[in-house]
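Chain nomenclature is as follows: A, B, C and D, assigned in order of appearance, with residue numbering initiated at 1 for each chain independently.
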Amino acid sequence: MHVLPYLVAAYVFLTGCYGLAASRNLIHAVGCLAVCQCATYVLLLAVGYRDGATAPVFSDVKPGSRPVVDPVVQALTLTDIVVGATVTALLLALVLQIAKRHGTIDPDELRELRG
Amino acid sequence: MNRLRLGLLAVGGAGLAALLVAACLDLPDFGGSRHPYGDRAVRASLARHIANTIASVNFDQRAYDTLGEMSILFAAVLGCVVLLREARDERRARPEPAEVVRPVRRYALLVLPVALLTGLYVIAHGQLSPGGGFQGGVVAATGLHLLYLGADHGALERVRPLGFFETADSLGVCAYLVLGAAGVLAGTAFLANTLLPYGTFDTLSSGGTVPLLNAAVGMEVASAVVVLLAHFLDQAVEIEEEPGR
Amino acid sequence: MSDAVTVVALLLVAASATAAVAQRDPARQALVLSFLGMVLAVLFTVLQAPDVGLSQLAVGSALTPLLIMLSVRKVRRRGRTKEERT
Amino acid sequence: MHHLIPLLAAVPLFGAALLVATGRRLSRAAAEITGFVFSGGTAALALVLLLNSAPPMTEWVGGWLPVDAESVGILVVGDGPALGMAALASLLTLAALAYSWRYFDQPPRERTGSFTALMLVFQGAMCGFAVAGDLFNAFVFFELMSVVAYALTGYRIDEAKAVQGALAFGVVNSLGAYAMLMGIALLYARTGELAMAKIGRGLDAAAGPGGPDALVLASFVLVLTGLLVKATAVPFHFWLPDAHAVAPTPVCMLLSGVMVELGSYGVWRVYGTVFAGPGGIPAADLTRALVTLGTLTAVTGAVMCWYQRHIKRLLACSTVAHTGLFLVGLGVLTPEGDDGVALYLLGHAGVKAALFACAGVLLDRFGSVDEHALHGRARRLRATGVMFAVGAAALAGLPPFGTALGKAVAEEAVGGPLTAVYVVVSAITGGAVLRVTARVFLGLGPRPQEAEYEISGSDEEPETSGRLRRIPDTMTTVPAVLLAASLAVGVVPGFGALVARSVNEAGSGGAHASVHWTGHGLLLDAASTVLAAALAGLAVTRPRRAAAPDRAAPLRRLQSGHVGDYVAWLLVGAAFLGALALPGVLGG
C-alpha cells in the first residue's frame, strides 16, 4: 500500500508508451498518449495525499478541525488535465489532416519523411 | 512491429521501468503528513476568505499558471480552427438530418437545460465548493452539444453562432490579462489580488478578484470547448473533399 | 475501508489503462478511455480531490472520447466515400 | 521595474487575444500591424528589462512576497540569461513577422489574423519559459510553446509532409513534457516545493550522507528528458528534421533560431538551480552525461546534415549538430563554457534564421528547395546567394562573426579532443551549406546524378500565392539584418564581456571569466572555415566520392518517419541518460 499508487502511475506511463510505440493507427496512438498522461494525474495526487485527511474545501468543514490533503497538487492536476485535453484535440486535428492527405492513418504506411 | 523497434522498446522500457521502480521505493510513503507548500497554501487561502483552497491556489496564489493553462487552451483551439479549416479542395455539404429515436430526442432536450444550469452553477460557486470555471465551462459546452442529438445539426448551428463564441473565447483571455495587469498599474504586482475587498468567508463574492478570474476562465473554457467541438463535428458530418482527387 | 477502496480503484485504473492500450480499434478504445476516465474520477474522489474528479469526469470521460469518436467517424466516412467513387 | 517581468508573457498573449476577437473585421494589413505593435512592444520591454538586469531581479507574481523565506506564489527571474533569451525570442519573432509580411498565401477566409496571433502566442510562451523560476510554471509555458509550435508546423494543411511532421513533433514533444511532469511530481514528493531554488535547497537538506538516491536520479532523468527532447539531443532528435523541414519558413526561423536553444537553456537553468547542490547530481556525472550526449548529437547532426539535399532539412540537421556543441559546452560546467555557449547561441540564432529566410526565397522563386534540381538555377538571385554564402561561412566559424567568437571561447573551455569535435562539426555543417551555395547560386561542378533518395524537396508547394512578381524587400532585408546582428555579436566591443558578465552573475559559480578574441581561437576558427571551404570544394568537384549517399545509409535509415520508432528511441534515450548519470548514485 505504501508504494502501490506510485507503482501504478509508473506502470500506466510505461503501458502508454508501449501502446504509442506499437500502435498501428494514429487515432489509437493519440489515445495511448492520453493514457500516458493519466499516469501524471495519479502520481501527482498520490504524492499529495495525507492519511485520514479531508478535501481542502472549507465550506462545511471548520478550518483547523481536520487535516486536509495537499491542495497544490490538485491545482497542478487540474492544469494538467486541461493541457491533456487540448493536446489530444490538436493532435487529433493533425491526424484528420493526415487521413486526408495520405489516405491512411497507419504509421507503417506513412513513408514520406525518411532519411 | 519491426525487430529494431521492439528491441529498442524492450531496452528503453526496461531501463526506464527499473529507474521508476527504484524511485518509487525511495518516495515518502503514500499518505504521509509532510506537505509544506500545501499547508502554506491552506493558510494563505483562509487569510483571503476563500473556502475552496484549490480555487485560491488556481486563481490567486498560482494564478500565473492558470494564465498559462488558459493560453494553452486558447492556442490549441486557435490551432484546431486553423488546422481544420476548409482546405482548397474541400467543400461543405448539407448533411441530411439524421434520424434520432424519439425517446433519445426527448431525453436530450430534457437534459440540455439541466446540463447548462449545472455548468453555470459550478462556475459560479468555484471559490466555495468543488468545481470552478474550468469544470463548469466544460460541462456547459458539452451539454450544449446534446442539442445535436436532441434536434439536428441545423438547430445546433442556429443556437451556436461560432463567431460569437470565438470572440467570447478571446475576450475571456483578455479579461484575465486585464485583471492581471490592473495589479501592475496599481503598483503592486501582476495578478495581485489586492484591489478588491476579500468579503465574507464562504459567500459568492468572497475572495477579491478570485470570482472575477474564475468567471473569465469559465467564459473562456465554455466558448473554447464549443468552438473545438463545432470544428470536429463539422469535419465529421459536413466537410467533404471535392471529387476527382 | 477507504484503503480498500483506494486499492481497488488503483487496480482498476491499471487494468483499464492496459485495456485502453490493448484495444486496437479506436472507436472501442474511446469507450475504454471513457471508462478509464470514470475510474480515475472515482479514484480522485477517494483521494479527497473532488475538484479534480469533476474535471476528469467532464474531460476524460466525456470530451476526449467524444473527440476521438468524431475523428473516427470522419476517417471512416472518408474511407467510405473513397470506396464508392472507385 | 521587476513588476514588469511577467508582462513579457502577458503582452503578446493580449495581442493574440485581441487579434482573434477582432479577427473577422480586420484587414490583413491591420492585423499584421497589430502583430508588429505587440511583438515589438514586448521586444522593447525585454530589452529595457535586460539593460536593468544587473544585479539580477526576481519577482513574485501576484505579490506573494516570501514571509520567513516561504512563499506560496510563483517566482519569475529577471537575470541576464533569462531576459536575454526573452529578448532573443522577441526579436526573432519580430523578424519572422516582418519576413512573412508579403510572404504567405492569402490567409484563410474570416481568419485574417490567425497566423499572426499564433506567432504572438509563441512569442509569449518562449518569453514565459525563459523567465520561469518555478518548475511547474516552466512546464506550463513549455507546453504552451509546444502546442503553438505543433499548430504552426502543420499550418499548411494542404501539404502531406507538413501535417505528418507536425504530428511526429507533437507526439514526441508531448511525451517528453509528460516525462518532465512525472519528474516534477517526484521532486515535489521529496521536497514539497515547486520553486526551482527551493527544490534545490530541499534536495540538499534531504540528502543523507550517501548523497543522491534513485529518486533524485529518476527525477533528473525525467525532467532532462523533457528538456532534451526540446533541445533535440540524440536520441531524442528525430522529430526535428521532420518538423523543421516542413514548417512554413518564418516558423522555421523561430524553431531553429530560438525554440530548440531554449531547451539547452532549460538544461542549464534546471541543472544550475535544482541539481547542482550536494543533494543533486554530482558534477562529474552531469559532465559525463551532457558531453557524451552532446558529442553524439553533434556528430550525428553533422553527418545527417552533410548527406541531405533538401535544403531546409539540411539546415534543420545543422541545428541538431550545433545543439550538440551547445550541450558539450554547457556540460563542462565552467564559466567560460557557459559564456562561450551564450555567445555561440546568439550568433547561431541570427545566422540560422537568415539561412532559413534565404531558403524561403528559393522556395518562393522555384517552388523547390532541392539542391540537385536547383543546380545553377538561382544564379540571378545575387543578393540571396551572397547572404547564403556569408551565412555558411559564419556557420563554419568565420571570424569576426558571433558564432566564431562563441565557438572560440567554448573551444578553449572544453579543451582536448572536444575542441576537435567543435572544429570538425562546425566545418561540416558550414561546408554543407557552402556546397549548396556553390551548386545552387553559382552552378559550379557537374550536375549531380539522380540517386535513389527518399526526400528530394523538389515537389514542395510554394508558400506564396502564386509566384510573387518580385521578391518583396522584406524577404531580403530581414536575412541581411539578421546576419548583421550576428556579426555585431562578434565585433561590437565589449558585447562579449557584457554577455559573459551577466551569464556568470546568474550562474551558480560566481566566478567571472573574461571573454575576448585570442590568437588561438582565431586560428581554430580559421581552420574550421578553411576546412569547410575545402569540404565544399571537394563535394562540388568530386560529387561521387564526397557525397556518396550510401555511406550514411544506416544512420539515415534510423530517421524512419515512424512515430513509434521515435517513441522507442525516446525511452532508450531516457534509460541511457540514467545509465550515464548512475555512477554518482551508486558510488555515493
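Definition applied: contacts are C-beta pairs under 8 Å (C-beta built on N, C-alpha and C of every residue); 3 or more make two chains touch, one makes a residue touch a chain.
This is a predicted model, so every value here is computed, not measured.
Engineer: Between B-C and A-D, which chain pair is linked by the larger number of C-beta contacts?
Structural biologist: The comparison resolves to A-D.
Engineer: With centres defined as the mean C-alpha position, give me the chain A-chain B separation in Å.
Structural biologist: Centres of chain A and chain B (C-alpha means) sit 15 Å apart.
Engineer: Would you kindly tell me how far, in whole Å, the mean C-alpha position of chain D lies from that of chain A?
Structural biologist: 27
Engineer: Where the centres are mean C-alpha positions, what is the separation of chain B from chain D, in Å?
Structural biologist: A distance of 31 Å separates the two centres.
Engineer: Where in chain C do residues touch at least two different other chains?
Structural biologist: Touching at least two other chains: 50-51, 55, 59, 63, 67, 71, 74, 78.
Engineer: So which stretches of chain D touch two or more other chains?
Structural biologist: Correct list: 136, 140, 143, 147, 150-151, 154, 157-158, 163, 186, 188-189, 194, 562, 564-565, 568, 570-571.
Engineer: Do you know which chain B residues sit against two or more other chains?
Structural biologist: In chain B, 1, 5, 9, 13, 16, 20, 25, 27, 35, 37-38, 41, 52, 54, 57, 62, 65, 68-69, 72, 75-76, 79-80, 83, 87, 130, 134, 228, 232, 235, 241 touch at least two other chains.
Engineer: Which of the chains are touching one another, listed as pairs?
Structural biologist: A-B, A-C, A-D, B-C, B-D
Engineer: Going by the contact rule set out above, which residues of chain B touch chain C in the complex?
Structural biologist: Residues 52, 54, 122, 130-132, 134-135, 138-139, 142, 145, 225, 228-229, 232-233, 235-237, 240-241, 243.
Engineer: Please output the residues of chain A touching chain D within their complex, sorted ascending.
Structural biologist: Residues 9, 13, 17, 20-23, 26, 29-30, 33, 36-37, 39-40, 43-44, 47, 72-73, 76, 79-80, 83, 86-87, 90-91, 94-95, 97-98, 101-102, 107-108, 110-115.
Engineer: Considering the complex alone, what residue numbers of chain B touch chain A?
Structural biologist: Contacts found on chain B: 1, 5, 9, 13, 16-17, 20-21, 24-25, 27, 29-33, 35, 37-38, 41-42, 45-46, 51-54, 56-58, 62, 65-66, 68-70, 72-73, 75-77, 79-80, 83-84, 87, 128-130, 134, 202, 221, 228, 231-232, 235, 241.
Engineer: Would you tell me which residues of chain D are touching chain A in their complex?
Structural biologist: Touching chain A: residues 136, 140, 143, 147, 150-151, 154, 157-161, 163-168, 170-171, 174-175, 178, 181-182, 185-186, 188-189, 194, 241-242, 245-246, 307-308, 453-455, 556-557, 559-565, 567-568, 570-571 of chain D.
Engineer: Under the definition above, what is the set of chain C residues touching chain B in their complex?
Structural biologist: 50-51, 53-55, 58-59, 62-63, 66-67, 70-71, 73-74, 77-78, 81, 85
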